[in-house]
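Got a structure here, written out as structure tokens. Questions coming.
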Amino acid sequence: MIKKMMHGNEACAYGAIIAGCRFFAGYPITPSSEIAEELAVLLPQVEGKFIQMEDEIASMAAILGASLNGIKSLTATSGPGFSLKQENIGYACQTEIPCVIVNVQRGGPSTGSPTMPSQEDFMQSRWGTHGDHFIVVLSPSSVQETFDLTVKSFNISEKYRTPVILLMDEIVGHMTEKMILPEPGEIEIIDRKKPSVKPEDFRPYENTEDGVPPMAAFGSGYRHHVTGLMHDETGFPTNNSEIIQKQKDRWKKKFDLARDTVVFTELTDAEDMEYLVFSYGSSARCTRKAVKIARENGLKVGSMKALTLWPFPGKELEKVSRGLKGIVVAEMNMGQAIREVERAVGKNVKVLGANRYDGESMHPDDILSVIEKF
Amino acid sequence: MIKKMMHGNEACAYGAIIAGCRFFAGYPITPSSEIAEELAVLLPQVEGKFIQMEDEIASMAAILGASLNGIKSLTATSGPGFSLKQENIGYACQTEIPCVIVNVQRGGPSTGSPTMPSQEDFMQSRWGTHGDHFIVVLSPSSVQETFDLTVKSFNISEKYRTPVILLMDEIVGHMTEKMILPEPGEIEIIDRKKPSVKPEDFRPYENTEDGVPPMAAFGSGYRHHVTGLMHDETGFPTNNSEIIQKQKDRWKKKFDLARDTVVFTELTDAEDMEYLVFSYGSSARCTRKAVKIARENGLKVGSMKALTLWPFPGKELEKVSRGLKGIVVAEMNMGQAIREVERAVGKNVKVLGANRYDGESMHPDDILSVIEKF
Amino acid sequence: MQKKRFMITVDERLCKGCENCINQCPKKVLELSAKLKAYPARQEDCIGCLRCEYICPDFAITVTEIKGDSNEN
Amino acid sequence: MQKKRFMITVDERLCKGCENCINQCPKKVLELSAKLKAYPARQEDCIGCLRCEYICPDFAITVTEIKGDSNEN
Amino acid sequence: MSFRYEIRLSGAGGQGLILIGKILAEAAAIFADLNATQSQSYGPESRGGASRSEVIISDEDIDYPKAGNVDFLLAMTQEAFDKYGEMTKNGGIVVYDMEMVHTPRQLEGVRVFPAQITELAIKEFSKPIVANMVALGIVINLSNILGIETVKEAIKSRVPKGTEEINLKAFDLGYEKGKELQGL
Amino acid sequence: MSFRYEIRLSGAGGQGLILIGKILAEAAAIFADLNATQSQSYGPESRGGASRSEVIISDEDIDYPKAGNVDFLLAMTQEAFDKYGEMTKNGGIVVYDMEMVHTPRQLEGVRVFPAQITELAIKEFSKPIVANMVALGIVINLSNILGIETVKEAIKSRVPKGTEEINLKAFDLGYEKGKELQGL
Amino acid sequence: MKTEIVLSYLRKDKLPHIWCPGCGHGIILGSMMRAVHKTGWKKDDIALVSGIGCSSRTPGYVDFNTLHTTHGRSLAFAAGIKFSNPRLNVISVMGDGDAVAIGGNHFIHAARRNLNITALVFNNYIYGMTGGQFSPTTPYKAIASTTPYGNIDKNFDIPSLAIGAGAGFVARSTAIHVPGLDDIIYQALNYDGFSVVEIISFCHVQYGKRNKLKTPLSMIDWLKSIALPIAAYEKLGEEQRRDKIPIGIFKNIPTEEYSQKYIKEIIDPNKSKDSILKDYCKAKLYDL
Amino acid sequence: MKTEIVLSYLRKDKLPHIWCPGCGHGIILGSMMRAVHKTGWKKDDIALVSGIGCSSRTPGYVDFNTLHTTHGRSLAFAAGIKFSNPRLNVISVMGDGDAVAIGGNHFIHAARRNLNITALVFNNYIYGMTGGQFSPTTPYKAIASTTPYGNIDKNFDIPSLAIGAGAGFVARSTAIHVPGLDDIIYQALNYDGFSVVEIISFCHVQYGKRNKLKTPLSMIDWLKSIALPIAAYEKLGEEQRRDKIPIGIFKNIPTEEYSQKYIKEIIDPNKSKDSILKDYCKAKLYDL
């Protein structure tokens, strides 16, 4: 066990290397650049490759190329770059190529407030690319969680052949605090499933029981075709509507089956709660503080922190929402996760937003003042 | 009045020209290319400019540049290009530059099914770019509506200084039917508000009563600065959190005030309905047919067609949903608008999706079979 | 010198009848059949230059030297 | 020939004390003040070459010819 | 009672089936004051591959613009015949190009007409490209849904300038051919 | 009872305030086994402009990592003093650099110490860059929140190789200066 | 005889391909396969990457590790493949739109960076796949679906662009100069660094039909009339050069390849650096 | 005396600018303003467009119609401005990252298309704004925050790239070769078509500090030691050229400007075409 002070962006770089990431392609952008900078130092030390590409589109493309070689790959960016990556993120969804994309959010839209914290990309992280697709989005609230969730991001991405987005906020990215690195053996590392059949029988988009087809690396003898067009089980393009439907239904099945293993939440002070504060990322820390103060003031407040943003933990939330007097959704934007909360709990529980979108970090008072409104 | 047979993409081109569009920049992509092709013919005839750029990013940038000159501008694309435009769409939101972006949807994600119909970009059209932002999205279900909504798109975009997205589907884009061109004087054309103050008093992001600041063209004597950074009323960058909040609150005010004038829906067979089918775009035509058949079979079914997708007509829907036995959301995707319907009506009304996502056009039976499930 | 002889086969599943081979053959060996496929109308004139193979976009045509005893001078 | 004379003014709100002017002045006219701003320590040596103006990234320094009757030879 | 007539024109890209679909629709909607829609399916991206053009003609607003209950099928390739033959409604009509469809199946409850379409175009005009007009003539004759003059107006407004004559001639030829088929 | 101590280090980009923030946090969290967070605000994009580094030290988990109730303010520019002086909590401490802050205001309920920081760094080491270490010495002395050896460990682990000595010396000097200030 | 070789590299069950009858792209594909054959590379060791377009449908027919990516991004995907596993031989196939319209930035950066990738640009002067819009190589005054009044855009000269960006191997040939094309592709494949071959293809369907070159034959004849070897071209006067295209190898100089440089200058000196990560990374996590 | 001229074009209330003390970008801004002054253009008739980066902060300080866009997209926005209103004089300011990393495609297409835009590339060999990552112009072996072990990327030669893409006016100077720079910018502004001036700037803060050039003075001295006029450069042997940069005008030939060509060849012959739209468009809907 090693204790180390680092900021969230560093922790992400460490988590990646330990998860087995050996390829990074990126383009600098505040407030994410330290992830690239750290990996430029670390990757060669473990015989990995670091490349700075000409832009974010190329970076996204490059990590997909590397992942097709069987190499775990990462890119990191912020809003403007994240928007540019969307087309190729969709390609990763369509072709089911594992990869991890970090978005350290800034205030937006556009160039916005590059050095100021925000959680404004909650919806985009799920819906940013065109076309029906599924994706997993995790969001850490501390340096330690950044490390842990980076490793988990790679594991999920490998296990389910899906891009995973690690949605960080500037506060977590740039905050320095203690991180504990578990012993090497203690960290679960998952690698993608490889084909066990003969090359000629290999179907790269086979409808397996768990919906996750095995994946062969380029150069491993399993020559196959990968395309962004809708394709059949063998990976070749199709216009056949039955096959198209089958492929999409398999995606749904895969994510339905995976759902419970990729949705992480933390519930605190829930036993007697009358109010619940729902939050994620750095807002969740602020929430913890607010809950403490509220309880000191005699209010029965509990909290739910979402570590997984998508699939949205609506089920978990719905379960604990029954009978509550109110739910506060604390987030640094004009109201995004609150939409999902409303959907999940229906009109039976009153839901209010505690929103901060002025470029400052959320303050416990922002939450407390909303609780008072119920 | 002129009657003409045309397909939706042509109607869009005609609508644009009549709305006053004099600049088009684009990059070809199926199934939207005919809009560009038609405008390449028509624009020079009315002394407008057509330019084919090197990619979609540049196209989006170019129309914003032209709009800053006071010229109504259009671009048209499909999914992959729409994803690429997202960064600069965010720029248009941040800087409040009027412009119209047409997305003739294809099946997705990624290259997907380029020639097959879909409505899979419903969510992306609202949330595709990073950062808090507002946007208006319209969607036509016929050639006539394409013409009408193209004109409306320009009007809304000019009136409210906002990008407007015209979200078409391949069926409407490529279907030929009769269109009626009203007499020149009969069509309402709105132009952006110009400053009336002296140049030195001009504040391009002034907090006016309606939240819409006047806009001066480059070269008109009102020299000013435009930036994608968060900025103050004068348009210059700021890190001041109070000012940032004020700007964003003005955006909200602007769209709140505009809401009812930009949300268009059509309700039919509603008087006695027990079931409602909600749909948009070409699915709405299929819905009309399904409703007829259902009524012939003795089922009391009504329909709501949304011509405006965003702001979502949740209020309108909620109002008519009370007491219904069920709502069907008919759309050619795996379930997108249904999320908004659920949010709008809460858990009191049962909501089911009639979804088609196999590249074929929706069929009335797809809807009828869902109605049967209630 | 012994004149080489060639056999020309057209895979009809692949041939799209584009006439590239027909047009580029220096000896006018090939023609289009009623089924709109290329076929060797004058195989005996073939000099084995392979232009038809090189210019066929569909890998439908193959020219093989006929080895054997038919020694015509 | 009559020697030209120059007046050098530094706008202290603009000067960032980068020393570009100081370093590029061929006559060592300029120095850094205690307030970390450039100032003309030896204005009389100035030959009006304008290098300081050209190299100042902050438009803080201005050199003006002093016209008048002080004719020193 | 209202009527709805569905025509499916199917074959390969480049056979000009989309054009005759548009002509049919225009004839109905502009020159005959009915309602009509024309829509199509494409192959990969915008070019090549199978082609399907559908025309719906009705005296009411057309809700659903896709063919569901096909009254009339024109099949210009074997693939088209195989794929869409069965989908034609009871009492409907199928016309296929003998040049292209070599193994037609029996279709129950449907009147099936083999016709020399491409052959005629080549023979009479040395232009296989006008086969679509020949086919259009046959469609108009057999379907009896639109007046011949209406269609001729629409042809004139849709075909490239300078080609009106040959196209109209091909259409007429098809129309005559239609009579002949009826007479069988 | 648990404790939470908030230190705000404010001034301009390039003054090394983020570094001493990290040193403070590392001293507390790694070498003194407390909990600590360090965070900061930037100017436009990643460079230049005002700089603010905040350190929270606590014996409990630190929920909220931003300073709300500042116990100790170091102000290295006039702007920083003006902006953050008032936000210091009752009973808190403010130290400012006399070289940079020319018009300090009165702050009620707060002990305000003017100190020669940059001046000392220049005078003693001819290196204005070590002013941050001088300041750190003063902070440690006046705040009394961390042991001097703990902080020295952290300095050694954070400053560039080869510069340990001068940095430690500057720190010591600041520490002594702190004593002097206390003695006022 | 050659056809057999070509077919042995193709996925025969995917044929006939989607290209229109007579299309130049198919001719180039044959040439590519013969060139690959000459290298002796194993199919397993080749990755063929493309963007989107008619030309970019090539990978689907070839029995290698094949990748059909997004429009314009072929070289960026290829960079990830080559850099992460230098053992693979990487070929990138692109159309003119793919390579130098939307993909122009990746093109010039690939030329600058110098990973060992062979870029084959199938230039048919048009966007074929999307129905005949003009591209940055469409000739002056030509009609395309988006230049109804004739094209006024200046063209890229692809070899000049590649050279300006720093490419070490730059050549041009045409679809009809087979088997000479085979050799040029072969040399490009063998070049240790980034190599570009612009191959003038033809699209009678989208380009030709609008420009009085309706048939493959007329396009072939046209190409014959305009293409000539560099040396011959250089002998022409400026006026005579106007409508001619020089073909041959424009540049072929040795350069240092990027992934090798990275290994030599970045990985090798640093891989033994002491790091707390070492313990976590004892076992190589992947095996190339 | 010159300062006064410069200030007369600036938004004085926005000064001092955000650039670090001594930064080369400010020097270039002065030069630009003197060049603009010489053209006699009215402030109202000038549009200054930039991307994102330190250099791209320029428009904020200049009293024209100013536009600070997205990273790399300056020339694409500028194209929309120039093409839709050719009456405006359009200048585009970009950093090296802006112009030839993320913006490379717009750069080469602007060069090809030939709209009358003057592109000024402030090349400081680094990404200044984001904290010192390497760019496509960072010298070999230089340290940047993303090349901790030294840079191995080959560079773009910006003039070669522009020429390869077809630009008609291509020049290079440096921030310290004032007032010579004024004249080169002036010539570029006056050129009727797309013109590029690469201006070597310097960033002692992000580039210098990592590469033993900590102060503006040391960077200025370094620039003095490497830059020399094209003619002098050409006299050097290959070996001697290694660390030198030629400055001056590389190419200046007359070309046909795009928006004028469009009006002449596309609009003028077609604007009177009969169209049902005519009735709807009788009144010009905008007035330029």
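Labels A, B, C, D, E, F, G and H are assigned to the chains in the order they are written; within every chain, residues are numbered from 1.
Basically, a contact is a pair of C-beta atoms (placed from the backbone, for glycine too) under 8 Å apart; a residue touches a chain by one contact, two chains touch by 3 or more.
Just so you know, these numbers come straight off a predicted model, no measurement behind them.
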item	value
Contact distance in steps, from chain B to chain G	1
Those chains which touch chain H and also touch chain G	A, B
Between chain G and chain D, distance of the C-alpha-averaged centres to the nearest whole Å	59
Whole-Å separation of chain centres (CA-atom averages), chain A against chain G	36
Centroid distance [mean C-alpha coordinates] between chain D and chain A, Å	58
Two or more partner chains touched - positions in chain G	19-20, 52, 70, 102, 104-105, 109, 129-131, 136, 149, 153, 262, 266, 270
Residues of chain E whose C-beta touches two or more other chains	43-46
Shared interface positions of chain B, touching two or more other chains	4, 30, 33, 44, 50, 54-55, 57, 80, 87, 91, 110-111, 114-116, 227-229, 237, 239
Chain B residues within the chain G interface of the complex	27-30, 33, 36-37, 40-41, 44, 50, 52, 54-56, 80, 110-111
Chain G contact footprint on chain H (complex, rising order)	102-105, 108-109, 112-114, 136, 149-150, 152-157, 160-166, 258, 261-262, 265-266, 269-270
Chain F contact footprint on chain A (complex, rising order)	3-5, 30-31, 33, 114-116, 171, 174-178, 282, 285-286, 288-289, 292, 361, 363-364
Chain H contact footprint on chain B (complex, rising order)	2, 4, 14, 17-18, 20, 22-23, 25, 42, 44-47, 49-51, 53-55, 57-59, 61-73, 87-88, 91, 181, 184, 187, 189, 191, 218-221, 223-229, 236-237
Contact set on chain A toward chain B in their complex	57, 79-80, 82-84, 86-87, 90-91, 93-95, 103, 105-116, 118, 120-121, 123-124, 126-133, 227-230, 239, 241-242, 244-245, 248, 252, 333-334, 339, 342-343, 346-348, 357-360
